[in-house]
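Alright, structures below, take your time with them.
In the two assemblies presented below, chain A is common to both, partnered first by chain B and then by chain C.
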Partner chain A sequence: MDSFLSAFFSGTAQGAIYALVSLGLVLVWRGAGVVNFAQMGQAMFTTYIASQLIQNNYSYWSAFVIALVSGAILGAIVDLGLMRPLMSRKNSQLLNSQSMRTTIPVIASLGILGVLKALAGILWEGEERGFPSPVPANAVTIGSTNLAITSFDLFVIGVVFLALVLTTIFFTKTGMGLAMRASALNPEVTRLSGIRVGSVRTLGWVISGTASSLAGLLVTPKTNLSPNTLDLLLIIGFTAAVVGGLTSLTGSVLGGFIVGYVIAFVNVYSAPENVFIAILVFLLLALFFRPQGILGSKEVRRV
Partner chain B sequence: MLNISNLVTEFASVKALNGISFSAKPGLITTVIGANGAGKSTLLRTISGLERPTSGSIKWFDEELTTKSVESIVRSGIAQVPEGHAVISQLSVAENIELGGLFRKRKVRGDLEVATKEVYELFPILFERRNEPAGSLSGGERQMLAISRALVSRPKLLLLDEPSLGLAPLISAQIISIVNELCRSTGLTVLLVEQNANTALAVADHGILLALGKVVADLPAKEMIADSSLRAAYLGY
Partner chain C sequence: MQFGPYNQSQLANIATLLIAVLSITLLTGASGQISLGQGAIMAVGGYSSALFVTRLGISMWLAFVLAIVASALFGLILGLAAARLSGPYLAGTTLVMALAIPSIAVRFESFFSGDIGLSVDYGYPPNWLTNLIGEISIEEWSLYVVLPFAALALFAVLNLSNSRSGRTWRAVRDNEVSAALAGINIARTKVIAFVCASALAGLAGALYGFRGLVAPSVYPTDLSLTLLTAAVIGGLRSIGGAIFGTFVIVFLPDLIERLTKNLAIPETISNYLPALIIGVLLLLTVILNPKGSAGALEHIRHHRKQGRH
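For the complex of A and B:
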């Protein structure tokens, strides 16, 4: 029972982080049609910024906020500085073919990942370092009983829960949220409604950058920080996004938690070295049995 | 006044519009008719900025539209209802309508509420079904919703692309007559593209007949109805 509970709680805490990564990937995929391989590179970079600030005696929370803001700015820079100029080049033979239109931004995102890793290596010498958490990683106790959850896990779950509530309110209750949903579903009708779809797309990159920056801040107290630390997180987040159907925001969050539980239970009941295999098998099963995602319905075309 | 002169729009060197010139007077219904492939939809898509013309000009009063973005054209009061009852089926009816007025929400919140109320009065069925996904509506209701989405932007020029396509005759007659009333009561300028020439000419003030990307007749609607040789030559009845 104890090992079940500990798997459940660590699955929830890890799943919460995967949910953020997956949400970030899906936001950019829906809005811009790009799988952003640089996403966790951006998160790695902003976590280094936070780490540097903390070393310079800034408080944890001010470093936390500055890292999130940098994540947002980095997202905007990637879109405005690279993706948009790249895709709007006039008279380009390459851009006339649909397959290149989808391939070019993916390659560009790999390029950004490389640049960010190299920059982090230059600026911070690429050494692995710890990253602090604002709460200790002690088990939570009630009376004298140790619960199978640490206060750090509770902190992660709480922060992600808050972030998800804010995101949900943004998407369902605000005009800008409606504009984002609409332009992902049907860009032409949205443009014909007078909405600047380009700006809406940039906002998608911004929110995605912020969400993954948050994921970086929450995962590194356990994993430490180096230019390559967050690579695995991207793969797990991608699996979660596929499980969620790639286009549904709710699905992407659910996918994050499901993958979190799969990993946690494999970890506890099997062995940590089987986790990679488990993720891969799970990804294949998801693609095989529910390629449309857990929430998705098969696409129906009206004629 | 909408003034189009020498408009050419090409798709991979095929001239879908081959030097089109005509004008549409404010407060009136001008209908563009013609067979399939005559260039009717391309004409509307070029006016709303979705397609870029190779040459020529489109002027709405003193504004040149050919250099403006789709979004700016909508914001200057030109709303297009695209072909095929274009609504976003995953969003609710109310959200589709809200979308049409979103860009002016900050400036004129009060008027937006009035405009929304007006379209619900115009199409009460949409009010009844406002919380349902637009995908659950019938074809006629979708067309009503697409028109409503355009109307809440308070357009001065409404571009309608084959509103009767795929609808039962009774429903399409109802929709055309509502558009007609709107134009007469509010002074809205309407450019109505239709394959169904009889329905369109019955309410229009002026008719433009397109064939293979060219204007072959530019006449008051009444004269066009009367000219049976024109219809026989270009519309086949």
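For the complex of A and C:
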């Protein structure tokens, strides 16, 4: 029972982080038709910025906020500086090919990932370093009994919950959120109704950059920070997004938690070295049996 | 500059990686399927050939052939899954594979000997060869082993892209619906492309491992991405581009090191400088010239011709 509870709680906390990553991927995929493989590279970079600030005696929370803002800025830079010029090259023969239109942005995002990793290596020497958390990783106690959850896990769950509530309010109650949902559904019609689809798309990159930056800040107290540490988080987030359907925001969050539990239970009841294989198997199963995801809609092929 | 042992092993390295880059030219360039996991398929080829040699004691040459068969079979399974997936799904799935496959070697340590890996090499040159041309070094021998395979791979890819299959692949790549209307079996075409590309990557992986060691660290995720970078920089759709791209990824780090050796650049910068420059090069290629160097060359030639008229 104890191991079950500890798997459940760590699954919830890790799943919350995966949900953020998955949400970031789905936002950009829906808005721009790009799976951004550089997403966690951006997060790695902003977490290094926070780490640098904390070393220079900034408080944790000011570093936290600056990292989120840099995540937003980085997202905007990637879209405006790279993806938009790339997708607007309509005359290029390579982009006229159906398969290349999805392949070229993937390659571009891998280029960004490579550049960000190399830059982080140059600026921060590439050595693995710790990253602080604002709360200790002690088990929470009620009376004299130790619960199977640490106060850090609770902190993570709380912060992600807050972020998800804010995102939900944004998408359901604000005009801008509505515009984003509309332009993901049908960009042409949205443009005709007077919404600047381009700016809306950039906003998707901005929110995605912020969400993944938050994920980086929340995961590194446990994993430490190096140019490569967040690679694993990207493929887990991708798996979560596929499980959720890649087109549904709610699905992406659910997918994050599902993958979180799968990994936590494999960790506790099997062995940590099985995690990679478990992710691969889980992803393949999801693709075979439910390629449209738990909440995604079936793909309609347009000519 | 003398063509010494170092250059020989470097050339062998280039020839080996060229085979792997050609697998991407075939898969992504010709059939439009992206793979971020060619390094993992190389690992399949490397491990199967190494296991055949160390466990069953069969000859290296036969092991290379069996490695091709094994990775083609692996590619068949993968291709059956991949045929259902479009661009981003395929990219992500192959990336997960690139991370997961090497970890299998660690998980089943007793069979694959874990992180330590299996040590295999090209061995000594056979007597008939040394009798014929005199004593040769190990490096030269490795070059002689690799070059025929590279030539064979080049020949196969050239033929394939100019054949009926090549044209079928390109039709599927450019527009699946119209290809299907023209009577092409989309799924089968994609699977066949995957099998061919995997066979090439597996051969490259076997040759790569026989430099001395087959281990998870020999086939890291970065290898998959480096191969893709080479194919893109050179030009995804051109065989000449694949050759050029392979030269770039092998020689550029060397060149950068040589250029910066005399400048007082701190080690942290010089360690990451090649990765930075190659990343920037990849981005510039994708933005300014997505057809790669080969495409740029073609463009220039085309304009010259027009200018003359």
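For this structure, a couple of remarks:
The rule is short, and it goes like this: the second predicted complex is superposed on the first by the 294 of 303 C-alpha atoms of A that agree within 3 Å, B and C clash if a C-alpha of one lies under 4 Å from a C-alpha of the other, contacts with A are read in each partner's own complex, and residues count from 1 in each chain.
Just so it is clear, contacts are C-beta pairs under 8 Å (C-beta built on N, C-alpha and C of every residue); 3 or more make two chains touch, one makes a residue touch a chain.
Quick caveat, the model's predicted, so the values are computed rather than measured.
If you count the residues of chain A touched by chain B and by chain C, you find the higher number for C. When the shared chain is aligned, no partner comes close enough to touch A:Ala76: not chain B, not chain C. Of the two partner chains, neither chain B nor chain C is touched by A:Leu154. In the superposed model, A:Leu295 makes contact with neither chain B nor chain C.
Of the two partner chains placed by the overlay, only chain B lies in contact with A:Glu188; chain C stays clear of it. On chain C, the positions that touch chain A within their shared complex are 28, 32-34, 36, 81, 84-89, 91-93, 95-97, 99-100, 103-104, 106-107, 173-178, 221, 225, 228-229, 232, 236-237, 268-269, 271-273, 275-276, 278-280, 282-283, 286-287, 290-291, 295.
Chain B makes touch with chain A in their complex at residues 48, 50, 70-71, 74-75, 79-80, 82, 86-88, 90-91, 95, 98-100, 102-105, 149-150, 153.
Those residues of chain A that touch chain C in the shared complex are 29, 34-35, 37, 82, 85-86, 89, 92-100, 102-104, 106-108, 110-115, 117-119, 121-122, 125-126, 231-232, 235, 238-239, 242, 246, 273-274, 276-277, 279-280, 283-284, 287-288, 291, 299, 301, 303.
Here chain A touches chain B in the complex through residues 175, 178-179, 181-182, 185-186, 188-197, going by the rule given at the top.
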